[in-house]
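Both complexes below contain chain A, partnered by chain B and then by chain C.
Here is the complex of A and B:
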């Protein structure tokens, strides 16, 4: 486009000429722009400057351990609302450094189970496991003299409300630990006539939904806690019940570990390892005749024929790892 | 028609992945085979949490079906032959490593020296 290019050159030339002619004015910052930047502050910016010098002076430097959020005009409790114009946004509490260290010590040093620590402090089992894993990584880095981003962690923690754990006394729970995943079998409405005299329990309700569905009491993350509460109800002293709870939890964790080991052994039994100079070849035996009725079962090994592979379509790309190897 | 045990390339650009298939020799590479008996991931991978630098390749194979197809006369390609020989299903093919010696030529073929 020769004419357009030529005209833009001419215009740019005119702009620079004006700048040279009036040097006292605000200079053009971007040489390609002919519009001079605004010589004065906008009203909002001016007011912000004024506020910053008067009321906002306390926010210049952060002091103390708690985050200092801007107060809203409604004079409410603003300790967990970072945005004064949005009272519905509340920042969730996070565990502070000391609390995470306590969790790690309990599990790795004192040998307590993840479930017991989760029940004691009211932290989700998955979070407890994640804390232990990340703490292990941190300690590994410290041992290897790798630099840690401590100032960053400190800055982020100072901007969020934190939850403290006192190891020697009872603490308020950090979060709800007995939340249940809504099973799709329970999403249906069923008309299930029963006699009024019948004692219809959670087990019966689960069976009404599906014969293989476990009851809610068994699906909660800590079914041993229910047993403990039952025993306390029946008159067993609390210390005894909690001791029995710890043993039950230890037993369940041991069973889970055994299951894991058995699975690994089974996998290893099916695998033949052949070492060559460069690589190890791992041959895994499988039954290729398990292909389902139409030969297109989902469990068939190998790339499938005649079915679209949706790994690149929107929404099917798994970017976040869902399991820990 | 000859039945072959061969690889069918799936996967994406720069990330190959193979099905080990039993198919008629004259059918197209990725056409529907008689049977899929395994997979072969040619990209060497490291174990998680292992920084020794040792890599491995993952192969899934139904050795029983492979033996059956070999028994009824299916012919593995060289690559599949190499994999099957690791499991002891085929006799391994070795490269000829003997030094190459040119054949002894007959006297008539030697360059003639013209005497003056």
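Here is the complex of A and C:
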């Protein structure tokens, strides 16, 4: 077979040449074989190891107090984006230990309201409440001598962008606190003819979307803050306006608490508790005849008995209109 | 079928994990650019996009479960400027012919930023972030979503202070698929968190031992250095342990020469300690040999010490020679003692203020040691250190409030999208997410 022989000669030549070039990496194992053995690592693996030594080396051990994320391909100034391909996800700042302590002290020691602290430091209301709750758990652990994960906390906070609070001076806000949830009712386009002379406000817009929808001024988390700004616009001094804001916030929190208490009392009134050794039975009065207009109301007892589900039937229902458009 | 690699280099898949291979895959990932050419049909584009995204978002969750979770309503918020709302009542937007009075258009970069979009499509996998296991991973309590899932299954996670949640399906543990509600607090056992996020301990049989690594030519310099560092640390620890052993063996038998029980106890303790060192710590072959020899020779000594006619002096002598041999084999004791002698001299020459600062520093170190002690019984390297390649993955989404000290977090609200930023962490660009969203709308 002359062609095979020729090819083997050529291969032998190539193999020996490689052997000369890299004698240590590609040893000829069998004396009769002239084919160079495969390199130790695949190409992908070699590239990975090269990256590990060069670009990836800085990520191996974290040093310093600043976060280190993968560099973005587009711009150099993107230092808060962990994913190079997704510019819309940013690593948000977190409150450091001292800031959390300050928030806890303001509420639990100085007796300030959650809304007032939220407005003062620019922290979301729910976050303020969560901080207090978590801080209470931490104090409980300390009181019980339960070990805290301090080295872990220190390491993680050094890797994250942190926000600090100085209780003695005005701080820049931590996050946007007056964010309005985009209600599905407001996501439609409506053609709403009105007279040109009409003063069409946010209240009217809300009613145009839906009769039960409240206006944006009432749906934001801090309506009292808007009122305060309005008073400042009207010429009231800032300290007075902020005092009034604090009063209003206190009042709104008191009202919310009262509502909660009233609800619990009402529930308690409706239930009869019977304590046995093992269980506490709770009985409530219900009228099973009260099943709503079609017998399918979801909030009443017994709605599922005897009423067939019509979620699968498509054309068989007789649709009687309940209102005249 | 051959199981695919979780972190592959040939067919890279981005995962919810802190693995270094995953970091490399994220770092070198290119925009998939699906739909930029007209080779693939729309169906094919959507299919490929959702396949890519599902390798990252809950790949351990079956497709049908995710399809049930998917919601086409995407939550968003708008930041309302209080000052603007106080100054205007909204009628300015309805002025003129119904859409506000005409403003001269300003085309400078600041007012007309083309990038200020609300990236709704990056919220496709927002319902996934409600799951307990993924929330635990996002709070940085586990190094991967799968590990977080394991923590839930093993009962290391509490929700609202309870280990048991009774649902109507009678599932008892806060199961990984539990969907958090706004205001739910979840806690993870700190030991597990330290294990998950700490530097893992190498087992003695691990092939990545310093001695084997030293021979390879392709190993990175730094890795070598580190291994060497850790090896020397380990060595010094061993020496310290032996230095502790010495006075015990030499002093104690003299104190109680008649009763042999303490000596027997000491020999047993020593052998146990040697065995522990042998099994736990990576040692050089010579050290291992020495230790094995010590264990072997200690055995007959132990049996002789048990006999009624045993002479205590002989046994203590032999024991001390054994320990001395062991120390010679390692050869580090002299250095340590000489170092101590050298360091004692400069102490005398220090001034008062320097001494004070030194004391303060010592106190700091002592506190640190108290918080982060050396404890070989732990399943991670002690003193605790964060695992390698952790920092580039370190972020906490805004819908969580995390307290690292107590390894607890509160799920504040569902993730939302706002102008210019989406809260769902995803490594893929918006075009891919949009195609995947369209796939799950089920109009294909």
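Worth a mention:
Operating definition for what follows: the second predicted complex is superposed on the first by the 205 of 325 C-alpha atoms of A that agree within 3 Å, B and C clash if a C-alpha of one lies under 4 Å from a C-alpha of the other, contacts with A are read in each partner's own complex, and residues count from 1 in each chain.
The criterion applied here is as follows: a residue touches a chain if its C-beta (ideal position, glycine included) is under 8 Å from a C-beta of that chain, and two chains touch if they have at least 3 such contacts.
All figures in this text were calculated on a predicted structure; none of them were measured in a lab.
Contact with neither chain B nor chain C is seen for A:247 once the two complexes are overlaid on the shared chain. When chain A is checked against chain B and against chain C, the one touching more of its residues turns out to be C. Contacts of A:301 after superposition on the shared chain: chain B is touched, whereas chain C is not. Using the contact criterion defined above for the overlaid structures, shared-chain residue A:33 touches neither chain B nor chain C, since it reaches no partner. Contacts of A:148 after superposition: chain C is touched, whereas chain B is not reached. With both structures placed on the common chain, the touch criterion links A:83 to chain C but leaves chain B unconnected. In the superposition on chain A, contact is made by A:274 with chain B only, not with chain C. By the touch criterion defined above, A:287 lies against chain B but remains apart from chain C after alignment on the C-alpha atoms of chain A.
Shared-chain residue A:138: touches chain C; no touch with chain B. On chain A, the surface touched by chain B in one complex and the surface touched by chain C in the other have no residue in common.
Chain B makes touch with chain A in their complex at residues 8, 10-11, 17, 19-20, 32, 35-39, 44, 48-49, 54-63, 65, 83, 86-87. Interface residues of chain A, counted against chain B in their complex, comprise 272, 274, 278-289, 300-303, 305-306, 325. Touching chain C in their complex are the following residues of chain A: 24, 40-42, 44-45, 47-49, 51-53, 55-57, 59-62, 67-70, 82-92, 94, 97, 100, 124, 126-127, 130-131, 133-135, 137-138, 141, 147-153, 155-157, 159-160, 175-176, 178-182, 184, 194, 199-205, 216-217, 220, 222, 225-230, 232-233. If you check the complex, the residues on chain C that touch chain A are 9-10, 20-21, 23-24, 26-31, 73, 75-83, 85-87, 89-91, 94, 98, 115, 119, 122, 140, 182-183, 185, 187, 190, 193-194, 197-198, 217-218, 220-222, 371-372, 383-386, 388-398, 401-410, 412-413, 416, 418, 420-430.
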